[in-house]
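Down below are the structures I want you to see.
Okay, so chain A shows up in both of these, paired with chain B first and chain C after.
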Partner chain A sequence: MRLFLAMAWRNVWRHRRRSVLTVMTIALGLAFNIFMRALGDGFHEQMVDNSVRAHIGHIQIHRAGYHDDPAITKTLPELDKIRSAIDALPGVRGASLRVLGDGLASSAENSAGVSIIGVDPEREPTVTTIHRAVVRGRYLERGRRKPCLIGERLAKTLQVDVGDSLVLLVQGADGSMGGEKYRVDGVFRSGAPELDRGVVYLLAEDAQELFVLPGRFTEAVILLDSSRRVDEAARILEEQLAGVEAEVLPWYVVEPYIQQFIELDDAFFYVIVLILFIVISVGILNTILMSVFERVREFGVMMSLGMKPRQVVRLVVMEAFLLGAVGVVFGGLLGSALTLYFEAVGMDFGAWAEGAAALGLTTTVTYPKLTAANLILSNSSVLLVVVLVALYPALHAARLEPVEAMRHV
Partner chain B sequence: MSEREVLVEVSGVSKTYRDHVAVHALRDVSFTLDRGEFAAVVGPSGSGKTTLLNVIGALDVPDAGVIRIAGHELTATPRDQLADFRLRRLGFVFQAYNLFPVLTVLENLEFVAVLQGVKPADRRRRARELLEAVGLAELADKRPAELSGGEQQRVAVLRAIMTEPDLVLADEPTANLDSENAAILLDMMEQMNREKGITFLFSTHDPRVMERARKLIRLRDGRVE
Partner chain C sequence: MRRREFAAILLGPLAVRVRGAAFPDAAELARRADRALRGKTQQGKCSMTVRRPEWERTLEMDYWAVTPDKTFILITAPAKERGTATLRLGTNMWIYLPRVERTIKIPPSLMLQPWMGSDFTNDDLVRESSLVNDYTHEIAGEIVEGGDACWRLVATPKPDAPVVWGKLILALRKSDALPRREEFYDEHGNLKKVMTFEEIRQAGDRNYPMRWRMKPVGKPGRETVLVYRRIVFDRPIPGRIFTLQNLKRRI
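Here is the complex of A and B:
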């Protein structure tokens, strides 16, 4: 076997220039594949992280059925049990309770339909980054009279700014219509369009009063220390809250469009990879076919001496595998180095800022993320393609008739 | 006097190639070859020498007739088993040497032994012994391109006998060699035949080979004369 390995290795380098070109094709294709996959992974992770940190958190808990059919009356049941379950959950970075409802925000100049979110101003920053998104004025503080925080686009629509008043008109949990005047304490720019143009943050107790929900909350939101633990944490919470009429929802159920976008983006990526692999395959096929056609006589001699067709297949495939392996080593190193560089410095897609904002990104700088799965999958798929492509010339060589092959010039 | 043992039995063998016209390469050829023979199939170009060696060497299948080697009937052996028969029972020497250019001399000798599954240490020792026996030990690590034609053909003969086959078939082995190298090669094959009892069958129209052969099978137009 070692002799055949040596033979295969030396055969690979019989036409050095041709093999070097093939190795470069494989290496560049693989490096591109690794980098694009890492860029996609980094982009997706950033997108998820931005959405999670902007508002939705990793996990949300509601009264059962709220997600499919939200209603002001569907408040969290058995709050003590829910609080205990969250406290007992490992890996929690932060948690907060919210009051949610819809209403009409009116200023002296204009009005707009809004989502109203009542938050605990001390707990909310442990989950979301909304406090850091304030561009004018201040974040919500207890002790100030009826403060509110609104998005920059909403402020523009209502033509209000810090210090101005606006009125929120809502239907309370008891069915009554109610209205209250609030003072704009701060204006934020989150980068998430739906927050910036349609959300008013209040103190939780003010929202409870507005919606006639004394001591009640609509939503518990949890931020974990790693997005990889979401499913496990959701399962633990479901077990802890068995018997409580509550629903535990991971972020991808709350905002399925993010997951759908990632899947669609992956599908596009696979199309690119497919095209790339076809190009690589043609290069490898060309090299191996030429190598086989140049050695027809040699294969004839081998088979005359007693080499079996399956051993001929093995030799040709081994040659292709070695060629691929060299390409994988160089491509893997090049792809990893390129990815690690941009993982450190980031890639600025400033020219596409509008599109980035629409996808929930608060920054135009994307950081590729190199993962072991990416390296393993990219390298092994290239090697697999190389071996599969080599089968055709290998079978061609194995089907040669020794006598005819030896007459080949 | 030692007892004769028939090693090769060719009986009524015919072979016709049909391309645009039918070419009768072999017509009802019959002969026997004893173990330990140093024999040559001779005849002019196109007489069927190479075809005869090919069918005896299990590289081609006759249209009619029976070929037995060491009691094994080739004509009744399935095609896929013929490779194994060649590997275990036959050795081949070709006119154009046909050593593998990417392997060293030592590795070329080892090639067939690897196919047979001989252990690395055993096949290396045997290859070195053979090279030393014919004074080519210093060529062990050279590639064929670094050897003269005569040296290449001598290595090719050693490759053919490396696994001690029943029969070595040599197709025009001296055709590309000058007189001196042809003589050296024939000396070496005679030495192998004499000392190790290896049976040789050549195809040739080289008088230098005919002179040395102890048995001649004369072919003309595909028939034994």
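Here is the complex of A and C:
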């Protein structure tokens, strides 16, 4: 084996320029692969995080059947059991109860259909970041008379600002018509269009009064300390709430389009990677093929001296492997360095801010994320491709007829 | 041989004419039905009961209407809604809430939403005028509905009519063109709602269904029943009733 390694190494460096070029091709291709994957991973994680922290949280609990067919009358059953299940859950960063409904928001100038969210102003900030997105006025506070918090775009549509009043017209849970006036205490800009355009936050008590839901809530929302624990936490909650008529939903069931977008984006990425690998393969194939054709006489001599065809294959493949390994080492280092640099510094896509907002990103700076999975997968797949590609020239060399080969020009 | 053929050619058109004469003109029947239901003006008292699996609620109302498109409704009971008024002029609708002293315009996007949580949409209330103008009509036979012999009228929307239904089928009384039943079909041909007109009695100068029952299809336990307690037809109504100011005055 040592002999083959030595021979392969010598053969590779017999054509220094060609080998260096090939190694560079592999290295750059791999570095690109690693960086793009990391950028994608960082971007996706940011999308999820933004959505989770803007509104949906990691896990939501409702009355069973609410998600598929929401109705104001479907409120959380057995609140005590749900509260204690959440309290007992490990790894919870924040939890909050909400009242949810729809209605018409009307100002002196205009009316608009809105979603109405009644929140506890002390618990809600432990789950979402809207309180930090207030641009004018203040966040909701208990003790203020019927305050409301609206998005910037809604404020613009209704032509109201802090201090103005808004009437909400709804149908209550008992079928009656509810109409109440609220003072705009604050205006927020979250960056998420659905929130900025279509949501009115009220104090939970005020929402309960408006919708005729005394003491009742529609939704429990939970933020975990790590998004990786979502499935486990959901499972625990379901066990705890086994007899209760409630549904426990992880974020990707609540907003499947985020997950779907990520999968779509991944699919595009794989297409790009495929093209990349084809390009690398062609480069390597070219190199190895050339080196084999150049050495036909050499192979002829070696085989007539007793080298077995299988050993010829091993030699050629090892040459390719060495090229690949060197390329992978450099490419891996380059890719990692590039990624880690931008992971620390961030990449600002400010020029595309509008598009980013549409995808639910509230900041325009993206941080690529390097993961072990990324490195392992990228490195090994490049190496594998290199070796596979080399098989064709290797087998060709092995099938040479020694005597004819020796006479090759 | 030849004479028989000759006779058939001569008598053929006559035979067709004889059969056709038994059916009334569809468009004319639609107009008659429209007139029978509405008159020039209408005012009175009615109650609307909305039933849902989770609750049941009855609103009492005073109303004034001028055909084709002016309506003023004042809710008199129950206490929570008392004093609420809605005004409809053409395709615009406003609602006044006494508790917050605010008049709210209902945007067009909400026209398909239920009126006051009932099975009538805002659009239903403004649609009535268009049965004659926005549809083409055809008589599709006879039917006995609620004990009355009726014509079956099929109304199909004209190509660019601003109408949400794919088809309407009405059972109209042969005697006076009053509807006994109206079926609402969506654009895919699915039956979505059925309205039955019950308790046809003398009201003022005419017969009138005093109870209208709207039931959505496939949703058991849900219906809306409109009961007229008092109607006066064709008495002139002052124009000031149909103004935004009147929403607040509510006289």
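Everything that follows uses one rule, which is that the second predicted complex is superposed on the first by the 409 of 409 C-alpha atoms of A that agree within 3 Å, B and C clash if a C-alpha of one lies under 4 Å from a C-alpha of the other, contacts with A are read in each partner's own complex, and residues count from 1 in each chain.
Note that contacts are C-beta pairs under 8 Å (C-beta built on N, C-alpha and C of every residue); 3 or more make two chains touch, one makes a residue touch a chain.
Model, not experiment: these values are computed from the prediction.
Enquirer: Taking chain A as the common reference for superposition, should the pair chain B and chain C be classed as clashing or as fitting?
Expert: Fit - chain B and chain C, as placed by superposing on chain A, sit side by side.
Enquirer: I want to verify the contact counts: of chain B and chain C, which reaches more residues of chain A?
Expert: The partner making contact with more of chain A's residues is B.
Enquirer: A:S106 contacts which: chain B (first), chain C (second), both, neither?
Expert: second
Enquirer: What is the contact status of A:K181 with respect to chain B (first) and chain C (second): first, second, both, or neither?
Expert: After superposition on chain A, A:K181 lies in contact with chain C alone.
Enquirer: Look at A:E122 in the shared chain and tell me whether it touches chain B only, chain C only, both, or neither; answer first, second, both or neither.
Expert: neither
Enquirer: Could you look at A:D231 and tell me whether it touches chain B, chain C, both or neither (first, second, both, neither)?
Expert: After superposition on chain A, A:D231 lies in contact with neither partner.
Enquirer: Once the shared chain is lined up, is A:Q171 touching chain B (first), chain C (second), both, or neither of them?
Expert: second
Enquirer: Once chain A of both complexes is superposed, is A:T73 in touch with chain B (first), chain C (second), both, or neither?
Expert: second
Enquirer: With both complexes overlaid on chain A, what's the closest CA-to-CA approach of chain B to chain C, in Å?
Expert: Taking the overlay as described at the top, chain B lies 73 Å from chain C at its nearest C-alpha.
Enquirer: Once the two structures are fitted together, what part of chain A is touched by chain B and by chain C alike?
Expert: Correct list for chain A: none, the interfaces share no residue.
Enquirer: Where on chain C is chain A touching in the complex?
Expert: Answer in residue numbers: 50, 52, 54-57, 78, 80-81, 84, 95, 97, 99-100, 102, 104-107, 109-110, 114, 116-117.
Enquirer: Touching chain B in the complex: which residues of chain A?
Expert: 1-4, 6-7, 10-11, 14, 297-298, 301-309, 311, 402-403, 406
Enquirer: Help me check something: in the complex, which residues belonging to chain A touch chain C?
Expert: That would be residues 73, 104, 106, 110-113, 167, 169, 171, 173-177, 179-181 of chain A.
Enquirer: Show me the residue ranges of chain B that touch chain A in the complex, using the header's touch definition.
Expert: 54, 57, 59-60, 83-84, 86-88, 90, 92, 94, 98, 100-103, 107, 110-112, 114-116, 120, 159
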